[in-house]
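Each of the next two complexes has chain A plus one more chain, namely chain B in the first and chain C in the second.
Up next, the complex of A and B:
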């Protein structure tokens, strides 16, 4: 995986404290939003759990870390923008959409057409970790994101999801 | 025996006066003419000089600074107009106009980070980075010269000195003496604490907080509550060198 280059502000201590002046804070939120998306995309991270430590939010080289309030604010700003979704009412777990659900759906559709799965059947696990998708952008996709994307395809009539006897058997039939 | 005044005496006096006047006029005329001649010689020589050293002036920052110093001494401003023979001869006006545009660009691109105050040296470094295509070296002297031309546009572009640094201001913020002293104090570590300032300047806490609040509102200061000692630090982006990625924030404005 590419070494991720942190932006300049990541090593500037005040960016780890919520700024009281509105203009400055707006700028701060903007920078963090961009960084969270880039970081998650680079490391293929889909969920940030606020109850666990997240490496991005701690910079030990300058001995600073984001407060809980700041973390929730930045993620909340992403949610407002449609680039993230809270997975629970208590705002502890956040799904990071560095690629929108629609984009994921299109990506899957593209993959299906490229690889001759137009009428094929795949289990969700196959899509996520199987040989077919290895090396593509789809590999390693989060289960929640995948299901959301497949629902989009369902609505377009390009796919039909079915349930098996257990979660492992969940699958999808494409009709692209 | 004393001669009494007569017609002849008066006439002689009048003739003398006339002769003196004519002589005076002649002298003045000759002087003007020689001045004119000297001026034209001087101008030709200055032009010759500029033409001869055109490349040096463009390429060498030290030579450029000396050339400017010389022009200033004799009361000629090569940047005063883009139309004069200087511009045609040297393109030197263009050089500074180009620099000016790039400076405005950089100031705008970094404004959200530094609140519109930037260290002259950092500005120069960013300029050099941006201009890497053209080989000419840029000095701080060139920067401040270009900025002094920007003043004409209003907008508050100005170079001023705080402590041992020169800062460029691109916002019409009026900083008072307290503010300047605080920025000077912040140059040491990039930040100050209110307690530092109280003990350093023997000011009342209220005065310190007041000044810091103003600087904060202007976007020149960011607070940092994250240090282990629990004391709030006030950081001044304008005195800390950070590698702002211009390509990201400036858009395509080359």
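Up next, the complex of A and C:
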């Protein structure tokens, strides 16, 4: 995983203060949305928990950090755009979709076809951390995101999920 | 103004805001609006309509506020006043007052002497809101007081003093009336008591004593202070001139003393409206006239402070200059509101935050915005931003006003804010300029 290179305005103090003037704030929100997506994609981060410190939101070199209000506003803007989802009603946890669910579904389908799993069966854990997916974009996918993507495939008739005895052996049968 | 009126009335000068420029020692006594002036003695002469008439201790000044034309009648030329007749009819029609003027060879004379005759009769018809009664009684008083004659005597005394080797004294009373007095016989008299170094010393002492006496009398009670106000102003003027002359004689004086003197001079300069507009003199026209006087007054302080002053500062400066005739904040606000409807070079402005300021109309935000831009583009400011105090120092403004400018610039999208541990600081708004397609690479 490469070190993420922060944009130059990340060290500009006003970037960390919620701007009161509409035009300026709109641009600020836009820049933050983009930065959050790029950052999470780089480090394969799927969930931001607002109750914990998130390194992106704190810039110790200029001693600035985002207020709680600002964090929620920026994530909320991503949610409105469909690029994130709140995982709870209290807006504490946010699922960041730096790749849309449809894109994830397509990616899995592509993997299945490339590797001859057209009629195969895999457990969810195999997909996430197994040898087959190692080195591909799918490796390390968040469980919630994976299930959402497989549901999309189910609807298209390309996969069928089944439950085992425990959460470990939840699996999927592909029929691409 | 019609030609015939230009002949009867002497030209009178107005300030930029449409207030008459008074002669030294001249004090305005009463104002009345909506007056129509007619010439009874000239058949078919057009009347001079809807003028504001200002009665001073020396003149009757007639101002047409729309065209900014003005003319005056010297009170010395007034021969007789016929007040309006008190009849039942006068309850229903506008009251008319007739004034007979001294003339000489067909034109209005300065004052009565053997060559003058009384020929012209002016009629003033009071059609305005203000009652004519107080105007007429005040006219009687000022004609009785003959303030203009006292002035002429003053000039003679001053002229004699300067010949006798004494200091010029009240220099500004020499201006104006003196020009017309070229023919006054001046007796060159050498007074032994005034000669030599001891004479100068004695003279100095006399002046000091007199100043002392003035001060004591002035503060003995408030009424006396009011009547002494004019002398206090001229005393202040004399002290200022003296202070101005002093540094050249004592170059060795310490620096802080110099500073003190400068400050003292500024104070003395700000004691200075000789004839303040009062409710008593202006009546219903009070706020309008106050507005005009204020407009003239704030010009200088506005220039000094970069074209903008906080209302609170104006209130303080204006009242200090008025001396005893203080005005209430309410009156000040009203006067400023009137500016919008009359032609003056200043305006009141309310910022979004509610701060009210006075600014000259020539003042524009673009210039301030340019100076702010230069300020925030300095390397230090790019790193740490600028506070309201920094901006105030750089722009020469009060911090509260500087903050208003910063907030206005923020509203325009020129600046953005940082609300960090060091308080509110402003930065150049680079956020809006960021090209989002190129920013992440």
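Here, the second predicted complex is superposed on the first by the 176 of 176 C-alpha atoms of A that agree within 3 Å, B and C clash if a C-alpha of one lies under 4 Å from a C-alpha of the other, contacts with A are read in each partner's own complex, and residues count from 1 in each chain.
The working rule: contacts are C-beta pairs under 8 Å (C-beta built on N, C-alpha and C of every residue); 3 or more make two chains touch, one makes a residue touch a chain.
As the structure is a prediction and not an experimental result, all values here were calculated from the model.
Novice: Answer with clash or fit: chain B and chain C placed together on chain A by superposition.
Specialist: When both complexes are placed onto chain A, chain B and chain C end up clashing with one another.
Novice: Tell me which partner A:14 touches in the superposition: chain B (first), chain C (second), both or neither.
Specialist: both
Novice: Could you figure out whether chain B or chain C reaches more residues of chain A?
Specialist: Partner touching more chain A residues in the overlay: C.
Novice: Of the two partner chains, chain B (first) and chain C (second), which one does A:64 touch, if any: first, second, both, or neither?
Specialist: It touches chain B and chain C both.
Novice: So in the superposed three-chain picture, is A:38 touching just chain B, just chain C, both, or none of them (first/second/both/neither)?
Specialist: After superposing on A, A:38 lies in contact with chain C but is clear of chain B.
Novice: Which of these chain B stretches, 112-120, 130-138 or 148-156, gets into chain C when the structures are overlaid?
Specialist: 112-120
Novice: For chain A, what residues appear in both contact lists, the one with chain B and the one with chain C?
Specialist: Residues 7-9, 12-17, 19-21, 23-24, 27, 63-64 of chain A touch both chain B and chain C.
Novice: Can you name the residues of chain B that touch chain A in the complex?
Specialist: 112-113, 191, 216-217, 219, 222-228, 233, 235, 237, 240, 242-245, 248
Novice: Which of the residues in chain A come into contact with chain B in the complex?
Specialist: 7-9, 11-17, 19-21, 23-24, 27, 63-65
Novice: Once bound in the complex, which stretches of chain A touch chain C?
Specialist: 5, 7-9, 12-17, 19-21, 23-24, 27-28, 30-31, 34-35, 38, 63-64
Novice: What part of chain C is in contact with chain A in the complex they form?
Specialist: Listed in rising order, the residues are 384-385, 410-411, 413, 416-421, 425, 427, 429-432, 434, 436, 439-441.
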